[in-house]
Amino acid sequence: MAARKQRVLRLGLPKGSLQQTTERAFKLAGFDLRISGRSYYPDIDDPEIECILIRAQEMARYVQQGVLDAGITGIDWTLENRAKVKELADLRAPWPNYNPVRWVVAVKEGSKIRKPVDLEGKRIATEVVNLTKRYLRQHGVKATVEFSWGATEVKPPVLADAIVDVTETGSSLRANNLRVIDTVLESTPRFIANRESHGDDWKRQKMERIALLLQGAIAAADRVGLMMNVPKPRLEKILGLLPALGTPTISTLADESWVAINTVIAESVVTELLPRLRESGARGIVEYPLNKIVD
Amino acid sequence: MAARKQRVLRLGLPKGSLQQTTERAFKLAGFDLRISGRSYYPDIDDPEIECILIRAQEMARYVQQGVLDAGITGIDWTLENRAKVKELADLRAPWPNYNPVRWVVAVKEGSKIRKPVDLEGKRIATEVVNLTKRYLRQHGVKATVEFSWGATEVKPPVLADAIVDVTETGSSLRANNLRVIDTVLESTPRFIANRESHGDDWKRQKMERIALLLQGAIAAADRVGLMMNVPKPRLEKILGLLPALGTPTISTLADESWVAINTVIAESVVTELLPRLRESGARGIVEYPLNKIVD
Amino acid sequence: MAARKQRVLRLGLPKGSLQQTTERAFKLAGFDLRISGRSYYPDIDDPEIECILIRAQEMARYVQQGVLDAGITGIDWTLENRAKVKELADLRAPWPNYNPVRWVVAVKEGSKIRKPVDLEGKRIATEVVNLTKRYLRQHGVKATVEFSWGATEVKPPVLADAIVDVTETGSSLRANNLRVIDTVLESTPRFIANRESHGDDWKRQKMERIALLLQGAIAAADRVGLMMNVPKPRLEKILGLLPALGTPTISTLADESWVAINTVIAESVVTELLPRLRESGARGIVEYPLNKIVD
Amino acid sequence: MAARKQRVLRLGLPKGSLQQTTERAFKLAGFDLRISGRSYYPDIDDPEIECILIRAQEMARYVQQGVLDAGITGIDWTLENRAKVKELADLRAPWPNYNPVRWVVAVKEGSKIRKPVDLEGKRIATEVVNLTKRYLRQHGVKATVEFSWGATEVKPPVLADAIVDVTETGSSLRANNLRVIDTVLESTPRFIANRESHGDDWKRQKMERIALLLQGAIAAADRVGLMMNVPKPRLEKILGLLPALGTPTISTLADESWVAINTVIAESVVTELLPRLRESGARGIVEYPLNKIVD
Amino acid sequence: MAARKQRVLRLGLPKGSLQQTTERAFKLAGFDLRISGRSYYPDIDDPEIECILIRAQEMARYVQQGVLDAGITGIDWTLENRAKVKELADLRAPWPNYNPVRWVVAVKEGSKIRKPVDLEGKRIATEVVNLTKRYLRQHGVKATVEFSWGATEVKPPVLADAIVDVTETGSSLRANNLRVIDTVLESTPRFIANRESHGDDWKRQKMERIALLLQGAIAAADRVGLMMNVPKPRLEKILGLLPALGTPTISTLADESWVAINTVIAESVVTELLPRLRESGARGIVEYPLNKIVD
Amino acid sequence: MAARKQRVLRLGLPKGSLQQTTERAFKLAGFDLRISGRSYYPDIDDPEIECILIRAQEMARYVQQGVLDAGITGIDWTLENRAKVKELADLRAPWPNYNPVRWVVAVKEGSKIRKPVDLEGKRIATEVVNLTKRYLRQHGVKATVEFSWGATEVKPPVLADAIVDVTETGSSLRANNLRVIDTVLESTPRFIANRESHGDDWKRQKMERIALLLQGAIAAADRVGLMMNVPKPRLEKILGLLPALGTPTISTLADESWVAINTVIAESVVTELLPRLRESGARGIVEYPLNKIVD
C-alpha cells in the first residue's frame, strides 16, 4: 500500500505595504504565521499551506502563471498586469492599508489642467502605466505616460505635468500641493486564485476555508460583543434599538422577571447606542471584545 | 424648507502629560479619535464634536471664556486659574497620569523648615503661584513665591528654600533628596463645562453622554468578566463569595442540576477569589476581558 | 493582646531571559507586579509576597539555602546546582522562553565526532559544567570540560572540540554551522520551593494558590472562548465536533427551537473547527479572548 | 600658617534648547564638561568653576540676585526679566540654537491685522509678556497680553488674535499658516555676569578667560586651515586672493623657488576660493580642520 | 541700466541609496547642503545652484531631456536608460555606496546554468531589463527577461531561473545561496551633464568647479597629513620611504641640524610606514586629519 | 622555487565591555577593522593578522594555551585565570572602559564589616573567585567565596555579606548604597602575548608594531596640535610657557621679525595655556586635532 502524499496549496502573501496587516490578519484568523526578517518563506502551522512573500505588484502575474495557487494583492495590480485570475474574496477591512485606496489623476494647484481632456499632449508620470493608458483611451485622450520609480507626488510641475498616483486619505497629495482632478480606480485587497487551481476540488475547498476565516476575523475587527440584563416588559423596546446585525441571543435567568441579551454590534454605533440602552432600562451592560465572527 | 444646521460641541483635550491617556480613554469609550503628530485639531468620528488640543494649564481659562464648551484638565489648574466652570465628572482612573496627584510643599532633607509656619519669610519656587499664595494665606504665613519654569525639584536649597511641586509616587522628590512637609492639594482629571453651554439642553445632553462613555471605559479598566458553572446546592455559598459589584446573571443550563453564573468583578480581588471559588465547587471558571461597563 | 504579625512569602523571580515573560505571567495571573528598571525588588500588590530578582542560574541555590521560600527557574539550573528543593509546578507555556529548551551536545559540521563516545579525550566548552560531567559519566566517557563565559556556539572548532549549549529552535546552532549529536537535558521553567517552607501550612497554601493562578493564565494562553447558537436537532452532532476540553455550557434560549453553546477550545483547532461548525448548522459563531481558565 | 581656600566661580548653564550646544561649546573650548542625565550639577575639570543647570528663562534673575556669578542665556530672557547684569560676550555661533533668533508678531494668514497699530484692542498670546508690553507701549498700542504655556503658534485665530513668538527660520510659523507682521527683538546667547562679581579681580579674570576660550572655539567653528605650495613669482597674486582674516604664515622651503603658505579662511569661501587658487598656480593645496583660533 | 539676472545651474541629487553619502560629499566639498526630511528641493548656500532630489534610476533621463543641467547617478542607470549625456567625473570614493558595485548574473547554488550560453530559453528577473537584453545579445543568447520590482535575489529557483542583480560585497547573494556566473557591468557614481548645458561657458565652468571640489573631498577621504622632524643626514633615506603622492614640503628649522617634513599619504600605508619612519630616525611624527586635497 | 607561505598572527579582541573601544582603537591606529554584528571573526585589512573575538574573561587562558598569539584583555582577568603570558603594553587610555577600573570589597552602608579582617566567616559573592581568595589569604582571613553570575552589587545584605566587584567611578556602588572598604586590584587593558610566540622574531616584530600604532593613537587621544606666530624677542618666554612634551618645531617666516611655532600639547592644559600665550604676545594661535603621535 502506498503512502498518501501530502497535498499543498501555494499561497502568495504580499511583501511591502500590505505585509504587516496581512500577517496580522492570518493571526487573527487563527493561523500561526511567522514572517522572519530575512526569509521570504514564512512559516505557517498548517502543513497543507506553503507561503511565499511576493511584491503586490507581481502577485497576479505569478498566480496567473500557476507558480502560485492563490495570493493576496490589490485589484489595482491585477488589472495593471492584465492578469487572468479568479477572485475569491474582497478583503476590505478597517486596518492600515486594507482600507480602500484610490488611484487618482493629480496636478499642481494652479495648473490649467482641470479635467481629463486637458491632459491631451501632456507628460504623465505614474507607477501604473497600463492602467493610465487604459484610462486615457477611455477618455479619448493622447498623452505621454512615463514610468515613475517612486516619489511620484513631487514630480509636478517640473518633472511631469500630471501624475496618476495612489492615495488613501489624500494627505500626501495635499502636502505636496496637488489637486485631484479625477479617480482612475478604487482598489482593495483581494484573495485571488489561479484558474486551474480553482477547478481542483481539494484546492478550492482549502482556499474557501482560508477565505472564510479571514472574513471571520475582518467581521470581528469593527464589532464588539454586548451583554445586558433587561426587564421582560422592556424587551421589545430594547430589541428595537439593537441594529439588525444577526439575531441577539436571549437567555432566561433565574430571576424570571429579567432576561439576558447577548449580541454583536458594530463598534461605530456604541457611542450612540449605550446611552440609549441605559435610558430604556437595560442594566449591567457589558461590552467585550471579539476575535472572530462567522454567521 | 431650510437645511438643519449641524450643531457642534467644542471640546478641549489636554496637550502634554494627560494627552496620551486621554486619547486612549476616548478610544476605549468608543470614539475613533486621532491625534496626528503635528495638528492641534484631532479628528474624531462624531460630526457633533470638534476637538482642540490645549495645555492643561490653560484649559479652564478657555472653558470659562466660552472659547470651548467643555474640556478635560486637572482640578489643580482650574483652581490655579480661579476659573468659574461647571464640573461634570471626576475621571480618576487606573491609567498613567489619570491617577490622583498631589501638590506638596517640599524642602531639602535636613532643612530646618518642618511645618507650614516655618515657611515665614522664605523663597518658594512653584509652577502654581496662586495655589501657593492661597495656601500660605490659609496658614497665615508670608513668604516670597517665585514662578518656576520647570525642574522645580532641583531648586532647593540653592535657588529656593522650599518648593510646591506635583508628585504621583514621590519618587522624583526622593531622588532629589527632598522631604514633603505638607500637602497643598490632591488633584484628579475632571470633565469641565462652560456654564452657559451647560445651560443649553443639546450641549448638556451631549456632554453627559460623553461623560457616561468615558466612565464606562474607566469602570471596565480594572474589572474583568467571570463565568463559571455551579452545582445548584452550592449556588448560595458561591454567590456569597462574590463581591456586591452589580448582580450576577444566573442562567439555566440544559443539565438542570447546574446553573451558569456570569458576573463582573474587580481585577484586584481575582487572586484572592479564584482559588476560593474552586474550593467551593465552581468548575469551568473562565475569566475574560471587558471593554466597557454601564450599570 | 499582641498584634498579629504579617506573614510573608519570599519569592525569587528570574532575572534575564525568563524575566519579561515571568512579569507578564504574574500580570496575567492577576497580580500587579512592577519591575522597575533599576530595582531588584519588584513591587507586587499582595502584602504577603516579597519579590526579589535573582539570576536563573543562582535561584535554586538560594531556595535550597532558605534565603528564599520559593522561586521560578529552569529545571536545568536546579540540576546544575544539584540543589535539593521541592517542585510545585511545571510552568511550560506557549510564551517566549517558557517553551521547553534543550541542552545539546553540538560539534562543527564535518567534525569526526558523531556520537557520545567520540567525545573521549576532547575539550568541551559549556556553561553547565556539572550537567556535562554527569552526562559524560553516564556514557562512560572521559573529556575535558571547560567553563564558558558565553558565546559558546562560536567556539568549535578552534576554541573547543564540542560544546554543550542550550537551544530552543536550533537556529543559532545552524547559523554557526553546528550539528547536534545528542540531547543532554530538556528543560522547562518550574515553580520550586524550599523544603522547610513547604512544610509550613501557611506558606504551602500561599504557594499553591500562586501556582494555581499562574496555571490558570497558562491554560488561557492558547485557548479561546466560543459561543454559538444551534438548532436543537443538530445539537448532538455539533457537540460531537467539539474537543473534549471541559464540558460545554448549554443554555436555553427564548426561542425554544435553538440552544446556545458556550465553550473553551484550543486556539490551534480553530482553523479546522470553525468551517465545520458552520457546515453543520451552527450560526452566530463568535470567538472571544480569555484571561484565565480554572477547571 | 593657614591653608589657602580654593576660590570658585558659580556658573549657570542653560537647561533646554541651548543646553546641548552649550555642552559642546565648552568641550570645544577645552573643558571636560559632563552633563549627566539626571543631575543638575554638571562636572567640569576645573576646580575653580562650579556649574549648575538653570532654565534660560530664569538665568538672568539668578545672576542678578548673585546666586550665580555668571551664566549663559539669550538676551531676550535677560530683557524679559528686566535683569540688571553685565554682558561679557555675544556667543552667536553657527551652531544649532546659537544662531540669532527673532521674537516676532505673527497673525493668521488672511487676518486683517497688518501692522502694529492694528493690534489695538486685540488678545495677544506670548511667553514673553514683559517684552510684548514694552513693545506695545513703544507703538502706543493697547491690547490684552496673555501668558502662553507653549504651543503658542497654534493659537491664532481661535485662542488669540495675534502672538509674539520666537523663530529661527520661520518654518514653524509657515507650517501653521502664520504671517509675520513685525519683529520685536533679535536675540543671541550672551555670557552675562553679576555686577558685583565683575568687580572682583579674580572673578573677572576667570570669566574673561572662559569667554576667550568659548570665542576661540566659535571662531574655529566656521573656518578651516589651508596649506599650499606656491611658486615665488605667483606669491603676490595668490596672497591677493586670500581674505584678510589674519596674516598668512609664509615659510621657506628646501626648494627655494617655492614657498609654503599656511592660513585660516572662512569655510564659506572655500568653494569659491579653491578653484581660483589652483588656477593661479598653487599646488598641493590641503584643507584641514581646526579646533580653536585665538588671534 | 538693467539688473543682471542671476544665472542658475539645475543639479539633480540622487534620492535613495546614494543620497546620504551625496549629502555628506557636498558638505565635505564645502557646500552647506541641507536635505530636509520632506522636501525634494534641498537648500544649498550657493545661489547659483538649484538642487532637486531625483531617483538614481531616472536621473539620466531628466539630464538628457534638459530638465536638469547636471546630476549624480550611477553609470549603470545611465546605460539602462540609454541616455545621451556628457560625463564630467567619476566619483568613486571610499564611502558607503560610492564604492564600485557590480551587476552580475546569478543562479541558485546547484543550478545547471554555469555560463552565459546556459541561459538560453530561461526566465531572467532583473531591475535592469535593457542592460540585461544588451548583455544577452552580446552573448548571442535568447531568454525571457522579466522586470522585477525588488527582492530579486530571492526569486531563483521558483520565480526565475536566473537573475541580474546588483552587489557590492556579494554577501546578500551568498545569504540567498546564489552563485555568480558572470559580471554584466561594474558601476560607480558619475557626475553627468546635459550636452547643451555643457556647451554653455558659464554652466560648464560652474560644473567643473563643483566637480573639482567633490574630487578634492574624495581625495582627502582616505589620506592623512603627516609631519615629522628629521636629522639632515637621514633626509634622503626618509624621503625614499615616503610614497610619491605629491611632493613633501620640507621646511627649515631653528635648529639647523634638523628639517621638518610635511606631507600627505594614503591612510592605508600608515600601519606599514609609521614604524619604519621611526626606525629610520624620524621623531615627533604627528598624523593629522584632512578635509580636502587639490593638487 | 616554492611559493612563500603567508605568515599570520592570531590576535584575540575582547568581546563585551572593551569591544567597542577596541574597535575604535584599531581604527585610530590605522587599521580597517570591521566587526560585523554576527561574526566572531572581524575583518582587518592586514593579511598578516587574523582576528577573533573572545570574552575578556577567557582571553588569557587561550593566549597561554597558544590558541592565540596575542590578545587584549584586562590584567584582572589574566590574574584571575592565573595565566602565564608576556605583557607587551599597558593600553590605559582616556576612552570608555580603557580607563583604569578597580576591584573593591564593598558592603552595605551600615554593615559592621569595616576592614578586611571583619570578613572572617562571612559569605562573599564575586565574579573573580580566585582573585578574592588570593586577597583573603594575603590578609589571613577565612571566608566563603561564592561565584556570582552577575548583578553582584545588589546581593548585600540578603544574598551575601560582602562582595568583590568592579567599578570605574563608584556610581553603581553608591546607587546600591554600598560602602567600599578596600581595593583588591586596579586593572587596565593590556596587550598580552603567548610566550612562545613572543620568542618568534617575525611574530614579536609584528606584535611590537601593532603595539606602537595603538600607543600612537592613545598618545593622540588627549593631545592637540598648536601653531602660532611669535615675535622673535618673545620667543624665549613663550617657549618657556610650553610644556616639555617633545621639542616644538620652530620655523622661519618670510617676515623675519617673526617665527612660527608648531607643537603638541596635552588637551588638559589648553584652557590654562591659551590665555597666557596670547597675553605673552603670540598671535594667530591655532589649535588643530591629531590622529596619531609617535615620538
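Every chain is named by a letter (A, B, C, D, E and F) in the order it is written, and numbering of its residues begins at 1.
As a convention for this text, a residue touches a chain if its C-beta (ideal position, glycine included) is under 8 Å from a C-beta of that chain, and two chains touch if they have at least 3 such contacts.
Computed from a predicted structure; not experimentally measured.
Which chains does chain E share as contact partners with chain F?
Intersection of chain E and chain F contact lists gives D.
I need the common contact partners of chain A and chain F, sorted by label.
A chain counts here if it touches both chain A and chain F, which gives C, E.
Under the over-half criterion for shared residue numbers, do copies chain A and chain C use the same patch or different patches to meet?
Under half of the interface numbering overlaps between copies: different.
Compute the centre of every chain as the mean of its C-alpha atoms, then state which one is farthest from the centre of chain A.
F
Measuring between Cα centroids, what's the chain most distant from chain C?
The chain farthest from chain C, judged by C-alpha centres, is D.
Counting only Cα atoms for the centres, state how far chain C is from chain F in Å.
43
Quick one: report the Å distance separating chain D from chain F, using the average Cα coordinate of each chain.
Those two chain centres are 37 Å apart.
What's the distance between the Cα centroids of chain B and chain F, rounded to whole Å?
Going by mean C-alpha positions, chain B sits 54 Å from chain F.
Name the residues of chain C that each touch 2 or more other chains.
Within chain C, the residues that touch at least two other chains are 251-252, 288-289.
Taking the touch definition from the header, please name the shape of the chain graph: line, ring, star, complete or other.
other
How do the chains pair up in terms of touching? List each pair.
A-B, A-C, A-E, B-C, B-D, C-F, D-E, D-F, E-F
Help me check something: in the complex, which residues belonging to chain D touch chain E?
224, 227, 229, 251-255, 260, 267-268, 270-271, 274-275, 277-278, 283-289
How about chain B: which of its residues touch chain D in the complex?
Residues of chain B touching chain D: 15, 38, 40, 52-55, 57-58, 62, 67, 148-151, 154, 158-159, 175.
So in the complex, the part of chain E that touches chain D is made up of which residues?
It comes out as residues 29-32, 45-46, 208-209, 212-213, 216, 220, 225, 246-247, 249-252, 259, 262, 264, 288-295.
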